[in-house]
Structures are given as structure tokens and as C-alpha cells.
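Two complexes come next, and they have one chain in common, chain A, joined by chain B in the first and chain C in the second.
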Partner chain A sequence: MTDWQPQIIAFCCRHCAYAAADLAGGLRLTYPPTVKIVEVPCTGRVDMSHILRSFEDGADGVLVAG
Partner chain B sequence: MVVGGGVAGMRAAIDLAEAGLRVVLVEATPALGGRVAQLGFMFPTHDCVLCRGTSDHGYGCTRPAISPAFLDHNIHPNITILTNTRIIAAAGQAGNFTIRLHSEPRYVDVERCTNCGLCAVACPVELPSGFQLDLSMRKAIYKMAPRTIPDAYVVDKGPYCDDCRLCVDICPTQAVNLDELPVEHTMRVGAVILAIGYSLTDLREYEEYGWGRYSNVLHALQYERLASRSGPTEGIVVRPSDGQMPKRIAWLQCVGSRDQKYPYCSSICCMYATKQAMLARQRVPDAVCRVFVMDERAFNKEFSAYFERSRREFGVEYVRCRVSGIREDVKTRNLIVRAVHPDGRIVEEMFDIVVLSVGTRPPVLARETAEILGIDLNPWGFCETDKFLPLQTSQPGIYVCGTFQSPKEIAESIIDAAGAAGDVMRLLRASLGKHRSSREYPFIARAIERPERDVTGEIPRVGVFVCSCHPSIDSTVDTNLLVRYAQEQDGVVYATLVSYGCLEAGVKCIQTAIEEHGLNRVIVAGCSHRTHESFFQRVVRDSGLHPAFFELVNIREHCAWVHSAYPEEATRKAMRLLYAGIRRVQHAVPWYKRCIRPVPRALVIGGGVAGMTAALNIADSGYDVVLIERMGELGGNLRHVYYVAEGHNPQRLLRDLINRVRGHERISVYTHSQVIEHSGAVGAFRSVIRTVPPDGETSIDTSIEHGVTVVATGGQEWRGEVYLLGRHPCVLTEVELEDRIAHQPETIAELKHVVMIQCVRPPDGVDYCSRVCCTSSMKNAIRIKLLNPTCQVTVLYRNVITYGFREQFYTEARRRGTVFVRYDETMPPEVEEVDGKLLVRVREPVLGRQICLEPDLLVLNMALVPSEGTAELARMLGVPLSREGFFMEAHIKMRPMDFMTEGIFVAGMAHYPKFIEETISNAQAAAGRAISLLAQGALYVGGSVAEVDQSKCVGCLTCTRTCPFSIPRIDPEATGVGGIKGAATIDPAVCQGCGTCTGECPAKAIQLVHYTDQQIMAYGLGAWAPSWEAMYQ
Partner chain C sequence: MIVGEQKPLAEIKQMLAGFHKVLLVGCGTCVTVCMAGGEKEVGILASALRMSTRLDGNAIECDEVTVQRQCEWEYIDPLGSRLANYDVVLSLACGIGVQTLVQRFPNVWVVPGLNTTFLGMPPEQGVWEERCQACGDCILDKTGGICPIARCSKQLLNGPCGGSQKGVCEVNPQTPCAWQLIYDRMSAMGRLEQLLEIQPPKNWSAARHGGPRRIIRDDLRLPEDYRTA
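Here is the complex of A and B:
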């Protein structure tokens, strides 16, 4: 179990969290490759069904950032 | 020409460009952003400046309606940016200047630099970073900030650069050219706006505070970098001496302000120190944060409440004391601060970090610029302006905005900038709308000639272009494998590797492939949406495809750059991201915005100085104005102002404004009138004005159509039964005192003792600073002293708020012998009548005792409150009010004169109490914003906004309740699900496109265009192509 890395889907508002993720890249910070970012126009757009669908599809965690 | 690429300069440039004028934006440093780019957070909202207002974002709030115009590759086509550039000579006059510019070489080709950073790794020269204020190091080839405009590196080719050319050799795109030479340009421009900012006091002048000698003494901007997420420590505040987390931090106010040498107030320090202290408490909850302050100058909207929160919720301590010096404990490097305690004892306290709230100085280039352009500077070295022409320099056609005019915060700099832009629009009215651009698509463009190809009914033919962006992407991600993977996906007919998609060859490769392979969907796997989406959207549109058929997959910032240690996993992630993009783009549907031709007329509500100024600016620029005033006469509060502290005659301004408004052929004035109906959206509003003549005749309703609305309804002095007001003849308000000084000076000259009580406010009202009262007390106190030097004047105050250069009137009032007594808000002065005489009791904090005063005149400085009917008007316009009851703008810092509802602007005291000069700037700003809307021949609204499928709507009202902007409404005429009458409708012209309603709608009747459920679900979120792993492992 020690190698296990949770699959995380991050819904990021394009105006802030997505930009922050860009900045993380620009600064060459690091985070696990199992984090995947989905761009949304506002975190308000994230629907309960999107979160549930992420889990159905095999995600271990969902991050809504904005 | 706009000089200075800080937040004010950018704002002015954007407004002018929108109005169809060509703009040259000149910046002396290698990147835009100015001071604001160095800030981590803004007061009082604590918004992260990184995304709200830096060079990164251009300006403004983040709603799609005002898409960030300065994002790289989406710079307004009317704006030319010249960095590293200074003015060297100027000639000509308003409307026709010839300016010579000198540009230092950047040595890096902005178009070719991909920000891979190899050059900086190779460079052997290390220098202190100016952007991080020497708290960290950078190389001789460097990028000013992690994200800059222009988004490219620059070479600092000072004497320390030994021309080793390692950067030239290593650059994969041959972008570095160390032999580049300086360039001189000559430009012909119609007007110049100076937005050259400010500099900081050289703290070495203040040896007693030890800055530069004691390592743990920082100035406020250094602390700002230290606390910023993009700072040298990624936002973790540590002591420079030992890297330890501080437990005790002190802020010392007014270092380099309000003293003998620099006798003015820097206006921003009280607020930023409070912000820094609050954030410090948030990060290190048990830290002691103490601010040593003379007066708490919280004089803008929400500011008083911010101080209160800082005290109550965050436990920041304020000590009323000016610290005279600091010593350092040599062993621990702790700092010893000697200060007076509230109980009067002088104590020495130890702090881990001391932050000096450093004063603002005129910009470095002030003198040079003033000499070249022939403009006057004021005694303090800032730009000289007239009180009633606050944005004009002494040279016609040259305007000023922001901190070069006087120290001020972001919101006011933005108001100035929009106002100066408005002034320029008036001057160059013949050229308005000459260079039109369109927002028909998500990017800003000049006219696109090629017609769009209709792809309806075509099977998706996806083309995938994997950008190697060598070495940024391909050193981590196996791009060849990615191309092979893409080729095998359903729907993909073409996949290839491009070396740099954004360079000419890359663009050509994409466009040729679209033609040759009949592609109708395009994917670029490369960099970020934020930097390049609009660039590639334009590329596909130029090939005839709607931009909705383009999808950018971010495998650089979100993959290669953050996972460089795990190339295999990064490649896998890139494949999954690409897979999601391929799926999503196949569901894309083109969308079109609605085009509105704005009605070339403005409605201005309120005929005071703000309303009249705005009306004149708009009318002078060539648009019709309907100006309505509730009272019988124009003038508003200005009618009761007889003199100002600076000595100008406001009555002349009043007469001049009224004459010009009355005589203007484009302005129709309706007095005794009010708006009773206001509907429609930007470009096409419709209002009904009701005029009620005073002589009891029947009222008349007039219906007008207008493209924009300016709200300038002003404020008024609060009147309440306090301190015997209205019951004792010797109790007056400030306005009444001014009237008496102007009309019956002989009665004033007889007075022996005048007491003024500041901050008299409604007992149950919100506590806020009315901003103008302290200065008006100063001017009246000085007048009384001039009329009778022996008359004693005592001012009972809470905080003396004479910000900026107004500090001189405080100094002058004290010099003339006015006595100032501070009272605590919990123990306000008491007034009673004893044998017909007034008796004022107040607790004096220095003596710690109650004192009794027996004035023969008591003057009350009443709070300024919004005009009557403000709340009603706000409801009618559908705009919010602040907690103080004034109109609430779209964003307190970045959009201070706009409402969230497009096309409605606010000016003057309707926004918050302000001085005449501030009201004029604000009115010009609102006018400028209005003109730049009207000057666009076509407004495009809608796009990626919410759409209702009324046949699914059950009319449950969920959307109307969840919308943060109150936009959805139920249309009783529309037919909903099952033929029931009444269904939701969302006006695309006002929808902000956040998608909150789509997420909440239980019937799934609302979808956000371009972010439909189908498109988001297409990500196949969690598993993301489970099958590939078996194939490629």
C-alpha cells in the first residue's frame, strides 16, 4: 500500500485556482502526477453530478478550488 | 501615449483602446505591472493580487464580461507596448505632440522566448532581485516575476555581465541576441497620460530605525514580498537573520511621512499595515502583532469596518505612539522598541521583526519627465494639478493619474486612470471609434475577413498538434509517444509533433494541416489556456473554424513543469489529459454572441458637481445626455460650499458648470425630476422620467432610450437630534458654520471659544469615516483664527484624517493655535445646557482626566449619508448597496466606478463621501467608461453564458435564488415543462457566465455554453482512458 497514490481530480476556476496552478508550473514547484486539473469558468459551474461522476470513474478524491 | 505600465497606466490604456483610439504604452522597466505586481494581497478584501490585478491579469475583476485584456497574446490590437523605454524629448501641443523615445535593448526576442528558463540556469552571474526587493537573488538573464507581460526573459547587461554568451548558446529558440542595440523612436500622439507611480523613501535617511543595519528591520514592501505566495519564501514569513518564524512583529507607521522633512501623509500605510498584521495573525495565530500608529486613517468604503475586524477578530493591537528609535540585541538579533504604553509608562519591548511603514516619494523619473514635458511639480515633487482640474497637468494635453498626482491607493489610481482616459477621449473626440476592434469571439480582434466554415453535420475530424516546446515539455514528457497515442484515438485523423506551436512555423503547420486534412476540430497539447488559448483560437479562426472547435491541453504548466522528476508518470498524465481533450472537443458546438448597436445617449442621474461634470464630458465627446435633478436647481452640495482649504472659489466652479450644462446643445436638463422606471441592458436601456413641477401642476412622464446610465445622486449631511442641535442657537453643523463664516463674518469675529466635535453619527448607524470633515474643520478653524486670532478653537476628534497633502492644513491649524483633543469612541463628549450656556465634557486621554469646556459656539461635524431615495433607486437599477448605504461598485479595488451590471456607472458621493477634486475625477472616470462603451460601434454580449431550455423548466425559482448576480427571472408568458405558463429566462447581455445556476437547476434545464454537462463529463474524469496503460507499459 505504500506506493499507492490517490487519483485526484481538481476542478479549478480559470480565473484563480487554474492561474495558481500555472504559477506553480512557472515556479517549478512539484506535486504528484496523479493530480489532474479540469478547467471550469467558475467553481459555481461544478455540479454534484460532476463530483459523483469523478468518483464513479475511479477518482479517489475531488478538489474544487476557486 | 500612456507613460507608466502600472495598474493606472494599464487601465487608462485599455479604456482608450476600447474607445477606438491607438495607444502607445511606455514602461521604463522590462515588464508591466508596477508596484501592484509586487503586492500579495489587497485590503480590505484580501483578494490575491496575483490573479486580480497584476501584470498577470491586466486589470479588473475576473468576470468574462471584461476579459483580461492584458493576457499575453490577447493584448488589445490598439495597444503597442514599449518596455525598457523612456521619453527623451517632446514638442508640440495638445492634439499634436511629437515625442522621442529611447528603448534600451531587452536582448531577448519576446516572440521567440518560451520561458523554459535554461538561460537563467546557465548564467553564472548572480544579482539581488529588484522585484523581491533584494530578499533573494536572480541571474543577469532573468524574468522580473514568475509571470510578466511581456512574458519573456530579459538580460541585465550591466558591467557585471561578462558577455560569456552561455545564454546565447543554450537558448533552444535562438531568442537571445546580446548584440541588440538601443532604439530611438519618434511618435506623434494627440495626448499624453502620465502614470509613472511613486518611489519609496530612502530609509537610510532614518538611521534611528536601523534599516539596512539590523537584518530584521524590513520596510513594508519587503514584508509584502515576504508574505506573498510568489515571494522569496513562498509566503512563509521568516526572520531574515535566522529563518525562524517570528512570534512578535511590530509595525511602525509614518516612517518618512508626516514629519518635518516630508510633511504630508502617504495615505495608504495605515491600511496596508493593518492588512499585513491581519494576515500575519492568520498565518501565525499566536503571534503578537502590534501597530504603532498616530491616527488610524481608514477613510474609504469598508475601511473602518476593516480596522474593527482587525482588532476584534484578529487581535491586532494598536498603540498610539510614534516610536523614536530601535535598538538591536546583538546576540539574538531581536529588536528593542521604546514606546509609551496606554497608561503613560514608557516601556521597552522586544520584537522579532519590525516593519517600517515606509512613506511614498515622487517617482524616480518625476523631475526628468517634468523637465522634458514642461509640466510643473508641486512643492513635494509630485505633479501639480488644479483642484478643479485634478487630472490635468500645467501643460494642456498632458494628463496625470495615480500616485504621481498624490499618494493614493489602487482604487483611486484606477478612478484617476479612467478619468484621465475620459479627458483624453474628450480632447480627441474626432478620432473616437476610428480603430474599432471586436469582441465577437473570445479574443479581441480587428475585423476578420475570412468567413466561417459551416461544419454542421460533418463527422468530427480531430487534428492533434503536440508541442514539444523544447526543452520545456519534451525533456519530461515523451512527446513522440504522445503523438502515437493520439493517432490511435477515435475521431483523430491527423496527429503530429510541432516544435513550437506559437512560432511562425508552428502556426503554419497547424493551418496547412487544417486545409489539407479537412480538420474540423483542433487540439494543441502545449501550454496554458491563460497564455495561449486566445492565440490559438485566432489561428483556427483565421483558417475558417469557429474558436469553439479548438481545445488547448495544458501539458506544460500543469504537467511537464511540475512533474519533471517523474517523466514516466508525467507522460501518462499527459496522455490522459490529451484523451480528455480529444473527447471534449468532439462535443463542441459553436456559439455566437448577440450584437447590440448602442443608443448614443447617456442618462445621468443627479445634477451636482459629479453629474454635471460627467454630463459635460460625455456631451463634449459627441453624445447626447439627459441630465436629471430632483431639486429645482442644479448644483447639489456644491451650492453650500463657499471656500475650500486650498483657497479656490467653489462658487465660480458651480456657476461655470451650470452655465456650460445649460448652454450645451447636447445636454437636456430635467429639474424636479426622478427616474421611475429603468429597464433593458447595456447599449439599450429604457427609462421613464417623472417631472413634478413645484407649482402643483400635473406631473409629466418622459420615456427615453439610452445606451449607458451614470448614477451621481450624491450624499447629504446627516441631521439628527444630538448634542442640542436645533434646540440651542449656539449649536451648528459644519455646513451652517461655513454659511455663517461666508455671510456673517462679523458674528464669527466676536466669538471667544469654538468647540468642534468630529464624527457625529447616527447612534444606530454603521461606523465609517466621512472623509472630508477633518479637512473642512481645518479650513474653518483656520478661517476663525484669521478673523479673530484670540478666539480659542478646540477640536474634539477620534482620528485626524487629513490624508495626502491635506496634512498641511492640519499643520497650519495647529500652528495657528487650534487645540486638538482626542476622545475615545466608547466615551464620546457630553454636552449640556447650564443657564443658557453650553457645557462640553470630554475625557482627555493624555491627562487621563475629564475636562470641561464652555464654548460660545459648538460646531458638529455630522456624518455624510447617502441621499434620500438611494435605496429605492438601487432597487430600480438592480444594483447593490454597501453596508454604509452607498452604491456598491463591481469590485471595490479594481472596478470602483462600474457596477456589476454592464453599462451603469457610479460617480461622486453616491459612491462614498469625497472631496470636490475626487468627485470630479470620479465623474470623469464614469464618463470615460461610458464614452468607451458608446464609441464602440457594436457591443457583443452573451457567448459562454447560461442558456435555458424552457421546455424543461418547471419554474421552481432555484436559479433565481442561487444566481450571485440576481439575473434569472421567471417570464410569466413563457411556456415551461408540460405546457405550464411561466419559465425561467436569462438575459445573455447581463449573465456573467459563472454557471452556478446550471449546477443547481434540478431539472437540468440550464446549460452553460461551452461548458455543458456533456463537455465536462467528456473528461471521463477519474479513470481517463484505462485501456491505454496495458498498451503502452
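Here is the complex of A and C:
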């Protein structure tokens, strides 16, 4: 169990958080492979159904970044 | 619009107890715009049901479909071929939609996911208020376009009553006195003298008091041989 890492779905705004993640990639910064990024045009697009569906499909946490 | 609100999840789960395959059927008309039973709410409820029943240890399978209007044959007929695959249908339409499904598909068990609440409109985002009771004999011309049947707690035809305090109803302080609203509007429109006319008791036979109602328009009806329902 000590190796357990939470599966995270990250909904990232194209204009800030996703761009920041892109820049981080350019700088060769890493983040855990258990974080799955979903680019959204704006975090205002993220709906309750997206969050519920993430949990339903096995996510341990949902990050909304924007 | 017809305004409804979703039943509590616990009550819905109780109605679905013992069933394994559920089809959630939303409606794309009134209950979509009052955010109670449209495609989005169907998705959220289906997700919640799948997770909740899985956690309870008796996971049910929930499929989702939303039709444009659940209260007309042509929109629900395409569902017919799918329904045999399910143990139960959870309708997120108003009570009319539920009954339309039942009448069209008499062998299918259909349960309601909403409480159909009233005929109304949203005065602001996220708030819905009753505006009409479908009494069958509209008197809005006499009351400045504000309905005392739907909006006065006592349905007075010659108001206000003594319980109108500072423009608020004594039954519920959240309710503006309909007769104050009527008086204010008639005053603003220069029609106060119209309120001096005493309204006789209303003929309620056009309302529910005369039993279930029906309208038949012979100018629109198809010839008998062409009728489908």
C-alpha cells in the first residue's frame, strides 16, 4: 500500500493552467504519471457530470485548475 | 413552463430497489430549462446512482437517453425498441411525461424521478415561482396581468385581505401580496377604477373541480381512420 499513488484527473484551462503545464514540460519539470490532464477551453466548462464521471471511472481525486 | 424538482436520491433508490437494469429518460423541454430533468441532470443522476449502488454492494446498470419532449407520441415512439432491454424506466420528465410513457408502453414499469411542482417562470437565475394554476377560465384582464388564483395564498377574487402587511402575504413572508401587486399595477396603468367592479364567485367547473379536463379541436383532428392513438 505504501506504493499507492492517487489517480488524479486534472481539468486545466487552456489559457493558464494548461499553458503553465506546457511550459513546465518545456523546462523538463516532471509530475507523477498518475495525474491525467484534460485540457478544457475554460474551467467554466467543467460540469458536475465531468467530476462525477471521473470518480465513477476510478479517479481518486479531481483537480480543477484555471 | 412546467417546473419540477428532482426527488431525493434515497427515494429514487428505494423506487429502483430490486431492479438491475435502469433506463433514465430525460425530457428536453420544460424540465430541461428548469434544470431538473434534462440531458445534463440525467447524466448526473445516472452517475450518482451507479456510484451509490456500487458502494451499497448492489450495483445497478444505468443507461441514459433524453428525448426532445416526453409528452408526445412521436418523440417517445423511437424508445420502444430499446425498452425491452431494461427492468425499469426512471423518467425525469414531469408527471405528464411519466404517464405518456406508461400509456404508450403499458408493459414497462415506469417510476418518476421528479416531483412536478407548478407552472411558473424564473424571475431570476436559480429561482422559480408559480404563475398559473391552469384554472381554465383566465381572468388576467381583470387583475392587471397578475394572477390572484396562482399568486394569492387565498385565491381571492376581490382582495386584498386583512393579512396583507406592507405588501407581504401573512401566509408566507417570502410571498409578495398578489393583490398589492395588482393594486400597484392598476394604479400605475391608470386603471384603478376597474378594481371597483366586484367579481362574482368564480366558475370553478373549468378548473380541476370539474374533474379531469379535455380539449377536442375538430378542426385539427384527423379523420377517424387516420388517428394513431
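Heads up, the rule we're going with is that the second predicted complex is superposed on the first by the 66 of 66 C-alpha atoms of A that agree within 3 Å, B and C clash if a C-alpha of one lies under 4 Å from a C-alpha of the other, contacts with A are read in each partner's own complex, and residues count from 1 in each chain.
To be clear about the criterion, a residue touches a chain if its C-beta (ideal position, glycine included) is under 8 Å from a C-beta of that chain, and two chains touch if they have at least 3 such contacts.
All figures in this text were calculated on a predicted structure; none of them were measured in a lab.
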More chain A residues touched by chain B or by chain C?
-> B
Check whether A:S49 is in contact with chain B, with chain C, with both or with neither, and answer first, second, both or neither.
-> both
Considering only touches as defined above, state whether A:I37 meets chain B (first), chain C (second), both or neither.
-> first
Could you tell me if A:L63 is touching chain B, chain C, both of them or neither one (first, second, both, neither)?
-> neither
Residues on chain A in contact with chain B in one complex and with chain C in the other?
-> 47-49, 53, 55-56
Residue set of chain B touching chain A in the complex reads 48, 50-51, 56-57, 62, 64, 115, 117, 146-147, 229-230, 234, 528-531, 554, 556-559, 561-566, 569-570, 572-573, 576-577, 580, 944, 964, 993-996, 998-999, 1008, 1011, 1013, 1016-1017, 1019-1024, 1026
Enumerate the contact residues on chain A facing chain C in the complex.
-> 47-49, 52-53, 55-56
Chain C residues touching chain A in their complex are 40, 43-44, 47-48, 50-51
Provide the residue numbers of chain A that touch chain B in the complex, in ascending order.
-> 7, 9, 14-16, 18-31, 33-34, 36-42, 44-50, 53-59
